[in-house]
Each structure stands twice: as C-alpha cells, then as structure tokens.
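The structure is given below, and queries will be raised subsequently.
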Amino acid sequence: MEELKKQVYEANMLLPKYGLVTFTWGNVSGIDREKELFVIKPSGIAYEDLKPEDMVVMSLDGKKIEGEYNPSSDTETHRILYQRFPNVGGIVHTHSAWATSWAQAGRGIPCYGTTHADYFYKEIPCVRNLDAKEIEEAYEKNTGVLIADEFEKKGRDYEACPATLCKNHGVFSWGKDAMEALHNAVVIEEVAKMAARTEMINPKVIEAPQVLQDKHYFRKHGANAYYGQTKKVEE
Amino acid sequence: MEELKKQVYEANMLLPKYGLVTFTWGNVSGIDREKELFVIKPSGIAYEDLKPEDMVVMSLDGKKIEGEYNPSSDTETHRILYQRFPNVGGIVHTHSAWATSWAQAGRGIPCYGTTHADYFYKEIPCVRNLDAKEIEEAYEKNTGVLIADEFEKKGRDYEACPATLCKNHGVFSWGKDAMEALHNAVVIEEVAKMAARTEMINPKVIEAPQVLQDKHYFRKHGANAYYGQTKKVEE
Amino acid sequence: MEELKKQVYEANMLLPKYGLVTFTWGNVSGIDREKELFVIKPSGIAYEDLKPEDMVVMSLDGKKIEGEYNPSSDTETHRILYQRFPNVGGIVHTHSAWATSWAQAGRGIPCYGTTHADYFYKEIPCVRNLDAKEIEEAYEKNTGVLIADEFEKKGRDYEACPATLCKNHGVFSWGKDAMEALHNAVVIEEVAKMAARTEMINPKVIEAPQVLQDKHYFRKHGANAYYGQTKKVEE
Amino acid sequence: MEELKKQVYEANMLLPKYGLVTFTWGNVSGIDREKELFVIKPSGIAYEDLKPEDMVVMSLDGKKIEGEYNPSSDTETHRILYQRFPNVGGIVHTHSAWATSWAQAGRGIPCYGTTHADYFYKEIPCVRNLDAKEIEEAYEKNTGVLIADEFEKKGRDYEACPATLCKNHGVFSWGKDAMEALHNAVVIEEVAKMAARTEMINPKVIEAPQVLQDKHYFRKHGANAYYGQTKKVEE
C-alpha cells in the first residue's frame, strides 16, 4: 500500500511537470485490486505542498480507509470507473487545455493520424452532459456511471480507447496503473492539439484510413506487436 | 503595513512567473481596510529590479502616503474599485495575451465549461470603451467608475465574478487579497485560452448548461461548498 | 567602441532568451553616431558561441573596419536604415514567429489595443516585396531603401512607429539604442500574437478608437508623458 | 563507428531539447557511407535512459550488426532512404506537432517566406497514404520507397528539399549528417507553425514570389552562397 501511495504521488507530481494542470485542477489514483483499495490525491492541496503520506486510501465501496485529508472531489467518478472497468489499475482526471477545449466544444477527437492510432483505437469519445436530475442526485458518481454506460452502449472497448472527454468539463484517462494512465493523459493532450490544428489547416479533412489506424494500433498492442523491446503489449 | 507590502510584492513577482506579463505590463495592489490604505507596484520598474520596499502606499482618497517612486499609472483604477467594491482586498491588472485578445475583440468570455464555472459565475464581461470626454477628463479613474457602473447596471455580483475585461485594453481581476486576485488572473487567462480554442473547434458551440455551471460554482463557493479541505469558501 | 560592442553583444544574446530567434535567424546592431561606425553580429555564428569581441565594426559607407568574421548578411539593410533614420541608435532583425506570420500574410498589424498603442503609433506597416530588378541589383541594400521610402511616402514617423514588417520575410525594429530596438522587437511579437488571436475571436473586429490610441501613446511618449518614473520619454 | 554512435546519440537527445518529441516519438540515424553501416536509436527507450552504447548498428541490406536492443520500428524507412538518396548522411523522424498537423491535413507546406526558402527549395511535399497492400506487405519499408518514388516522379531534388511529410503520420527530414538532419527537423516545425498562422491571418495568401525564394535559397546554398563565414554550402 505504501508502494502504491508513492506511485500515485509520483504520477500526481508529473501532472504539473507535463503541463497538464494549473493549480490543483487534476488528480491521479491507483488501485490495489487484491485489497480492493484505491489511493487518490487529497482535494485542493497545492502540488508543491503534496507529500506521499497525504494520499488518501479509499475502499471500492466508497469509504475512507486512511488519510488526514478529504479525498479529491472527483473520487466517486474514479470509484465507479474502477468498478465498471475491471482491468483498469490507474485513473487520471485533468482539465488539460487542448483536450478540455474539445470537451467544451462537445466533440470527440477524430483519429487524424498515427500518433492517435498508436494509443487510442478510433475516435476518443465525448460523453454527453448529465441532466439536472443526475447532477442533483450524485454528480461525481453519475459522471462515472455515464462514462461506463456510454462505452457499453457504443460498443467501445475501454482498454483499446483508454480515455474519454466529458462535455463542458474535462478528461478522464486510465491504464494498467497510475503511470500508464498519466502517460495516456499526456498523449490525449498532444493528440487534441494536433487534431484542432489539423482542422484549422484543412477544414475538410477526414479521418486517417482505417487500415493505417489498424496498422499502428496493432504494431504496438496485442499478440503481434513489434514496437519496443519485447513482443508483449507495451507503450 | 510591512506585511501587506511584502504580500503585494510577492504577488507582483508571480505575474512574470505565471507568464501573465511582458516587461512591466501589469500590477498588483492590496488594501488594509482598517487603515484605508492600499499598497501598489511603482510605475515602469522592471520586475527583476523590484524590491518589497519599492511598493507605494496610497490612501483611499488618492494621496501618496509612502514610497520613493510614482505609483502605477493605473492606480486610480485600483482606488475606485476599492471604493466601489467594499469586500475586495486585492486587485490585479494585466495584459495577459489570451484574455487581452478577448478584450481587443470586444467580447465577454462565455462560460463553456466547469473550469470557468469553478471560479467565475456566468460570463466574464467586457466593458465598453470610455468615450473621448471620459478619457480626457480622467482616463484611469473613469476606467474604475465604468467597471463598477457596468457591474451594477447588469446586476452582476463582483464577488461571484471577480474579473472583467476592458475593451481594447486588458484585464482587471480581484479577490479577498492580493494573492487571490493573482490566482483569478491566472484562471481568466487559462479560461480565455480554452474558450477561444473551443470556438475554433466548434464555431456553433453554446454555453455550458446552467445547471452544470451552478453545480461547479456552488461546489466550491458558499455555504454548501465541499471542494477542498474545509466547508468554507475557498479556491 | 568596446562599450558599444558589449551592448550590441548583450542585445543579441537576449534574442534567444526572449524566444525571438531559432538558430542564427536574427541580428542586432548599434551605432556610434559621432564616429559614424556601427557594430553588428557576425553572419551565421551560433548564439551559444558568440563573444563580444566577435562583433563586427562597419562604417556608415559600408566598409568593414574591424572584426574577424563577415558581418551579418543583412548588414546593408541596417546601414541604409541608419543613413535614412538619423535618430535611430539600434536596429534588430528577426523572423519571430507571430510577426513573421503577419509578414508572410502580407498584412500590416492593425492597432487593436493599448498594448500596441503604448509602443507603436497606429498600424505597424508591412512593406511590399522587392521586384526582380531590385533583388538582383542589391537585395539587402534595397530592403533598407524600400522601408525608408515607404515610411516617407506614407507619411509615417519612424520614431512613433519603430518597426516594420517586410512581406514574405520578417521584422525590422529600431530604437534609440540596441536595447530599445530589442525591446520593441519583443513588443511587436506580443502585439502580433494578440492581433491574430483577436481576429480569430472576432473576425469583424475593428481597430481601437483613435482617442484611446492617442491616450496610451501620449501617456508614455512626448512632453506630457506620465508613465514610469520621469516626465521624459521612456518605455 | 563509436564517433558516429556518439553523434547519433547526441542528435537523438536534441529531439526533446528542441521540443520535437513527446515520450519516444522520434528517432535519428546516421550513416557511415564507406562501411555501408548506419546507426539508429533503439525502439521505445525513453530519452532520459538513453546512452550512446544503446545505439543499434545496421547494415544497408537490413541486418542488425551490433546492439543489445531492437532498432527503431522505423528502421526500414531509414534504410530505404539511405539506399535511394545517396548523398544523405543522417535522417530524422518525428511527430513534431505543427508539421504533423500539416501531414494529418494531407497538405504540403507552401513556401510563404524566406525562413522556408532559406532551407527548403519550394513546397515541402506531403506524400500520399500507402494502400492496404503496401501496408500489409511491408509498411515501414514501403514508406521509404514511396517517399523516394514521389520525389523522383515529381522531379524534386532531395538535397534542395531535405524533408517530407507522410500523410496522416509525421515528418522525415535528412541532411549531410545526423546533426544537419536534426537542424532541418527543427526548421520544418518552425516553418509549419508560421505557415498555418499565415493562412489564419490571411486565408487568401499566396506563396512568396519565386524570385525571392530563389534569392534566399541561393544566398545560402550553392556556388555563389554568401551567408555565414565561408563561400561553401552551409546552414
């Protein structure tokens, strides 16, 4: 558990390093699937003051197990995503500027090239706004429910597309652990930036050919991957 | 008073750190409401040469009380805002690039998402140009008068929307003290950047649903706030 | 002369510091009006290798007086500008990205706000391309001739507008010495960036009211200036 | 060979320094034409962990000669370019953000100014997508074949235009050695950025006059070059 707190702390500290957050606008969590406990950043604490021991430990049914501070206000979203996405080991939430601009625009990010296809299979979706009832009832929890429901409804594989935009809000990304989720948060920001500029340069642009998307995705993922130093799935 | 000078000095030094100013294009002030004295940056002094003791002390009726240098040329605007906005403890003026681009465009910043709603309730307004008579008579003073008049006329709560754009000019932000005003100056620049990109990505975009704006604003502000580590209003 | 070489060297070294140049794409010069000698950066030497003693000394009639290296390939443009603009003490040439984008677009930079008006009176012009004959005959020299001719023809005061764009090329700025010219090069890049974004945010935007432009320009320049710490013209 | 490995290592390390790569998204190689061996970055190794001895040595017919790791997954593209472009001594591949946005937009970069013309003669082309058969057969190899074929077919001189975009993918640049190829990778990113902004500022812009393009290209390249400190071709 101390090891997990340290990893989650380090992934949180990389958010400002990679330029993904202003002030306290982001959080990273990681889960220990055996113990069914996840570790998350405390709410509203400045990154420069953050210490590994400030991380909050939560149970999968939503109880605070350990920690001096309140957990991130987005904790319920993380919790639901861990419940609904069983192979996810880490989750990141940010308001990173380019990805959030797509979220504010209410559009998913089309796959315009291999940088996208190397990490995300097909469009990165943008889920709808919660309605008034869903917001009043349980805003953060229902955000998680909505993401998982939309992935199911649209037949999207959360492992092949490890991120989503939330309309008028920001980004959630995930991965096999906190560091991979952080890695994917960096990638989505870069991909969001290039997609916006791509449309600026060519307003009539269409998505990359599916055969090229497949080539790049499967050269890095799955049984026949050959990118990197092993044959296993890696980034 | 020495404490206030130090805080105002430090908030001024954060302007270049956060990328909000080029050369001397910005200033921060803070007020001691009991003594009715405010402290402001001297005019045209480079940030690298600035020292806490260079800060100028002004009275609320516009007399220089202490300080070797002339106060910022925008001092009269600060003074009027302190008079008209009694709960304001600190004020920041910048020409930060994205927010100033909205000001030059003559448009208020629509609320496209929760990053905005977390800090500013509804649109951040852009006040009109002063007319020739107002400029000739007392340019800086009338800038303050105009801001306060427009907030009143439009029924805007200066505490719920702690910033304004001035057409063809730049930004004023405020807060309970100099540091919170500085904090809001950082946020408006980030929000201005994302709003411009949002419209670039979706030219037909509309504002975030009011119910979502309310949720985010009131989760951080007011009696039922639950963001951060206390129940009190905090950022 | 050693003093001038040192100042020109230092102004050159600020080009990469302010993000105005990539590789060797820029140069600063300064003149000693009494001796009628100007000092300029050598051609094609990387900034990290530059030393004060590498600066080249040129006479106003175009002869190399001192220096191991060839002077900047743009030396003839600097020389003509010193001849034609007698109150100029320093000149900067860059391909800074935003200003050069306006130059490539073939447009002068409209005055959209007070940041512009604080330094440049009215639009910053973009001079036309040289024609084939002018290029073949003496490209760099004729660039200087063209700038001075266009300022004359359009009745522009080179002291009130201390910079120009050259179509499909880049920027020249000037000032009372090398440091002021450098300062103006920083300002034009910032102003160019904000003007482009202003048009992106409001494609129908018009220039700032003349009365506001006047107010800001004359609050910093001329007999009645009151910005900064003296009554004299200063930045 | 150790010297070459060191140079290729250093050029690789400059990719993140110049902001051209995120994570491991780029690679540099250099060739020893006498030995017909080229040195390339290993696949998927983080830049902060990279050491000169990690560089992989490959033969021009595609065999790994030396090195602990797998070579870059793009090695076959480099290999074919070395075969087809006999005067090339170094190659760089990146997904640098602005250039890749042009590639994703499927457009070559028009020559809008002298910054472009100083390094690239005429438009920087964007080669078409490979078709399904070419991708399945040998994706990376056929990328190299396509680039060389398109340069031939369009009568483009690979020495006068030392870079290309690959549609929906990224950038390849080259030069007389790894460092010059890296230099050209920096230039194309800067040129791509300014070209996009140029079109934003003036949607009806046309390319720079050919006579101006010629002047700048030939002032730096070829028998009559006079930029820099020698008469020889140099950057």
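Chains here go by letter, A, B, C and D, matching the order in which they are written, and residues are numbered from 1 within each.
Operating definition for what follows: a contact is a pair of C-beta atoms (placed from the backbone, for glycine too) under 8 Å apart; a residue touches a chain by one contact, two chains touch by 3 or more.
What you see is a predicted model, and the numbers here were worked out from it, not measured in a lab.
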Separate pieces, if any, that appear once chain C is removed in thought: one piece
Copy-to-copy rotation for chain C and chain D - C-alpha atoms, rounded to a multiple of 5°: 90
Remotest chain, chain A as reference, centres from CA atoms: C
Shared interface numbering between chain B and chain A [over half = same, under half = different]: different
Length of the line joining the C-alpha centres of chain B and chain C, rounded to whole Å: 33
Centre-of-Cα separation between chain C and chain A, whole angstrom: 46
Interface hub residues of chain B, defined as touching at least two other chains: 199-200
Category of the chain touch graph - line, ring, star, complete, other: ring
Chain-to-chain touches, reported pairwise for every pair that qualifies: A-B, A-D, B-C, C-D
Chain B contact footprint on chain A (complex, rising order): 22-23, 25, 42-45, 69-70, 73, 95, 97-98, 100-107, 129-132, 135, 139, 168-170, 196, 199-200
List of chain D residues in touch with chain C within their complex: 112-115, 183, 186-187, 190, 193-195, 197-202, 205, 208-209, 211-212, 215, 219, 226-229, 234-235
